[in-house]
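You will see two complexes here that share chain A, one where it goes with chain B and one where it goes with chain C.
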Partner chain A sequence: MAATLTTKAPAPPRKLLASRRTRAGVLYALPVVVYLLVLFVYPIFSTLFLSLKNANGSFTLHWYADALTGVNLSVLFTTLRISAETALFSLVFGFILANAISRLKPLWAALAMLIVVVPHFISALVRTYGWIILLGDKGLVNETLTGLRVPGAPFQLLYNELGVVIGTTSMMLPYTVLLLYGVMRGVDRRLLAAAASMGAGRVTIFRRIYLPMVAPGLASAGLLSFILSLGYYITPALMGGPKQTMIATLINQQVTKENQWNGAAAQGVILLLLTLAGLLLVKLVSSLGASRRKRSAS
Partner chain B sequence: MMQPRSTIAGRIALTAIATVILLFLALPIAVILVTSFSNNAFAAFPPEAWTLNWYKALFADGSKWPTALTLSAFVACLSTVFSLIIGVTAATALTRGELPLRSAVYALVLGPLVIPQIVTALGLFLLFEPAAMLGSPLAIALGHTVLASPIAVLILIATLRGIDERLEDAAASMGAGRLTIARRVTFPLAAPGMIAAAIFSFITSFDEFYISQFLSSVDTVTLPVQVYNSLTFDIDPSVTAVSAILIAFAVLALGLVALVRWLGSGRQDSLLSVENTVGVTTPGGEAV
Partner chain C sequence: MAEFGIAALSVTPVAGARTTATGKALSVVALRKTYGDVVAVDEASMEIAAGEFVTFLGASGSGKTTTLMMIAGFCEPDSGTITVGDRDVTKLAPQKRNLGFVFQQYLLFPHMSVSENVAFPLTLRGVSKDEIRRRVGETLEIAGLSGFGGRKPRELSGGQQQRVALCRALVYRPPVILMDEPLGALDKKLRDQLQVEIKAIQRELGLTVIYVTHDQEEALVMSDRIAVMRNGLIEQFDTPRELFERPRTPFVADFLGAANFLPGRIEQHTDAHTLVRIDSSGGLIKARRHQLPSGTQVKAAVQPGRLRACATDDGFCTGTVETATYVGTLVRAGVRIDGGDAPLLRLEVPAGRGPVAGERVGITTDPDDVNLFPTEQAG
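Up next, the complex of A and B:
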């Protein structure tokens, strides 16, 4: 390349230069595109085809009918319910924590963010195991509650929905805190001060000024943790009981235990469609938020 | 701040709740570290007596852990190499080249990060099963690369964007060839980002569970799958020691990334220091 450049006229025509840059760009993009087309896009399409195929190879919607009836349907509803609960709790806790951190001095804020971010890089399997140790009948939580003479202690905190939601919420919290912290730092504090100077009370300022400004961030953080919970497997499988079977657990069972690939494929496609719908909503919310910001800025 | 005249009581309440939430995040990790040295690995916290038995049991005869650890490390190394090759080329294309359909390529790269991992794992199972590649470490590494390479691409895009292209132009104007520029200018400036990309690719593969579980066979069990199995099937108290090692490993890796970034942060600024004194802001290293 360098050699051809020097042998050519000192100032190569613009068009040629552009096309050379294009050629280089396409060449460099080739590995990632080919790799992901073969090992990511093609497998997803073959999953889709498998979910629409009968034993003899003809087209059928049988697997979807199967996935949307009886036990499978109730698993789907359980998945949606647990994901919604997780999204709600991680949103509320995330909001409180992000708000508290955004008021701290930089050093303390950095330390707090470290506690938020570092667990995210530790295997979810390991963190789930930590919860199992903590929440057991003789775990730290129950021992403390018994020691404090809390009536009813020890509680059943594992192998039920409470256990699953505690686990998944702690997995999703880093996402919501990070997202909301970013949004809160972007809030123009002068607007709050302006409202206060005009005599607005704290509740009014929070409700009429602060909340509308962070609302798009809240919506996308909640949606994101909902979407991420949908496909969750480790925590529900280890911390839940049979009533907390989620769709990912079912897919895994069908593949590894029952050799029922078509059914698993149909459930995978349903999970994929739910995720894509959620992502579309996130996009909608963020563009709505952007247009609102533009309006308020003008 | 947010509430101009917030009461002291309100501030104390908020701090208390925030502390509880931080504990909520930190406790599951702390409890494993403590329990791994406890004589009773399953219940009873805080421990009554201390022991190193679970760590010793890891390397006892007939233990499954060394094999699982070796396999995971091997797979993660392969996956890191693949991810770096894909990451460097893709980030170059997305930041330096003219690329038609740039946003489509970008969306393709982000895809594996937003699609449920179980769906990706199922697809890979359907791909490798007919090829009789189930249980092959290569297949697992190729699968992990689907998840690890997008992370490498994103980190390297941020790295390359943080490098002032004028430095490359300056080298070119002085007659340096493209290879020389890449080797002498871009690579040294991008090295911290490349190390970070390598570390994150390695962790992603090392901790990956879904794909490993679908692609593993009886003989090829990666460390996370072994941890999962010992939590569901056979009760093996040394799993606390493994978990503690995994935590230490992740913290070490993050510390390494921070160290490399800190060491590399001053480099470009010193090269552009003349402009900085004039007051022209240079694009700083973007955070990942």
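Up next, the complex of A and C:
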């Protein structure tokens, strides 16, 4: 494409692609554009078409109706609920961890970040099995709790929602910690001293200065872990019971066990739309907050 | 160092111009702080009256900022006491001291508008909404920021941001406002303008201000009293005029007045004067009457602006003008004194009557402008 354009060199000036720099820019962008078209745009549209096609090739909304009724709908709700819980817990723990790390001296902070991030280099499958070993009836956690004579021990920590949330939260934690740590490092600690000099106590400083300043980080970290959890497969499948079937598991079952590509495609599209809705929601909330602040200020 | 001279002096408030407010606003007794082996602040003591503008002046490492931080509560003294009004605040956390603080880096809260920033300390004090609105508006108006209330700090220039920070520190009328080089990040012109503005606001509202700077001119322009600090010690705590005209140590004479030092020996005392024989030229310089006995080795300190060129037989010494630089209203001259290898004598004389390079001149001065320091004390 670029080659044919370069042959039209004596084109009138001011035309798009006329300048050498623009032509070079197109050339540089070309590999990326091709890459995205082939590996991103085409699959998405083919999935979309697949989800709208009947067995005989005619248009139908049957697969969407199917995905949004009965067991499929409850799986969808389970997915949303578990993702929300995961987002919440990874936010809370991520906040505590990142906050502690951001107060450390740089060297110790770097070391702590390494400890948080390095486990992420290990395959999720291995980490999930690690959790299964730890959380089982005869696992380290329950053995310790029984040894301490904690009433009710051993607890059921696996193959239920608790197990899934523990697993997914631990998988999301590096993301939230990394994101929040970056935001927290950007907060000028002297601002907190300034607030103290005006008479603000620790709780007020946290609530009115620190929290609003890290809020954008909290929103993006929460959203990220929510979206990642929506499509999470291995951990919920291995650490959950039948009641914790998430949409990714369902899609997998439809494709591998029932060879039902159209239904899987519809669910995939729904998952994609949910993700987009989540993004939109956060954007809406943050812009709403900004406009409200603006109004209250004037 | 010598840029200020006459112009700055003329606007320097004299001792009598201190504000009418009375009473002690803050006192510091034997304040001491060490970092390892380094003594940052050594037994600093001072009393500051309400309505007074006091400056801690010194180079970096002189202990001025450490002293301020101890008063603010950001840094704990090893020993000594700090009293605000009648309240001992030495052991209190910063938020319990009820002081105002203006930082060099402004430190406005970026997520709040200008109004919200200024309102913040008031909301902490349970002031009613109407009252907050009224006082924020009033304070912003004083600082010339009316109409900026809805803006975010990042939408303001550095000078405007520092004005907001000033508003935020004075809106709740703390008994003392501390300022840590608040104009250090601004350019010269804006700095000059804000010096005058801050001074005007301070005088109008009768604020008690402790101001830290390393800029002598700034200190002279703004302060009622200046504490000149060096190596953790307060060298002299006095009005600008006293510091300038009656420096108590050679350091103060040099730091504030950029004085020329002429080594010599006290020859004799008359009723009103002390005569000193200058080592290099052998001439006699007349100084104010001084207690030191005859024969004491001294340094006679005279500021460049207080020396005059005259006929060769009239001065306390003679020399050749080696450099004469025209700097607007002044001519700065360097004079090589006859009969010695002393450093060039620096003169500042009004332009037009200035000496020319190569000219033979005598040097004279008023006895009142000559300060004597015993040589042992030289630092």
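Note that the second predicted complex is superposed on the first by the 259 of 298 C-alpha atoms of A that agree within 3 Å, B and C clash if a C-alpha of one lies under 4 Å from a C-alpha of the other, contacts with A are read in each partner's own complex, and residues count from 1 in each chain.
Note that contacts are C-beta pairs under 8 Å (C-beta built on N, C-alpha and C of every residue); 3 or more make two chains touch, one makes a residue touch a chain.
Note that the structure is a prediction, hence the values are computed from the model and not measured.
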- chain B versus chain C on the shared chain A, clash or fit? fit
- Query: What is the contact status of A:Ala193 with respect to chain B (first) and chain C (second): first, second, both, or neither?
  - Reply: both
- Quick one: classify A:Ile82 as touching chain B (first), chain C (second), both or neither. neither
- Query: So, does A:Thr204 touch the first partner chain B, the second partner chain C, both, or neither?
  - Reply: second
- Query: Touching A:Leu180 in the superposition: chain B (first), chain C (second), both, neither?
  - Reply: neither
- Message: Applying the document's definition of touching, compare chain B and chain C: which contacts more of chain A?
- Response: B
- Of the partners chain B and chain C, which touch A:Pro212 in the superposed model: first, second, both, neither? second
- Message: Looking at chain B versus chain C in the superposed three-chain picture, what is their shortest Cα distance in Å?
- Response: 7
- Using the superposition described at the top, list the residues of chain A that contact chain B and also contact chain C. 193, 196
- chain A partner, complex, touching residues on chain C are 72-74, 93-96, 98-101, 103, 105, 107, 109-111, 113, 115-116, 120-121, 124-125, 149-150, 168-169, 172
- Task: Sort out for me which residues of chain A touch chain B in the complex.
- Result: 1-2, 18, 21-22, 24-33, 35-37, 39-44, 46-47, 50, 93, 96-97, 99-103, 112, 115-116, 118-119, 121-134, 136-140, 143, 170, 173-174, 187, 189, 192-193, 196, 202, 205-206, 210, 227, 230-231, 233-234, 237-238, 248, 251-252, 255-256, 261, 264-265, 268, 271-272, 275, 279
- Query: Can you name the residues of chain B that touch chain A in the complex?
  - Reply: 1-6, 14-15, 17-18, 21-22, 24-32, 35, 42-46, 82, 85-86, 89-90, 92-94, 96-100, 105, 108-109, 111-112, 114-120, 122-127, 142-143, 145-146, 149, 153, 177-179, 203, 207, 209-210, 213-214, 224, 227-228, 231-232, 239-240, 243, 246-247, 250-251, 253-254
- Note on the structure: Given the complex, residues on chain A that touch chain C span 188, 190-191, 193-201, 204, 208-209, 212-213, 293-294, 297-298
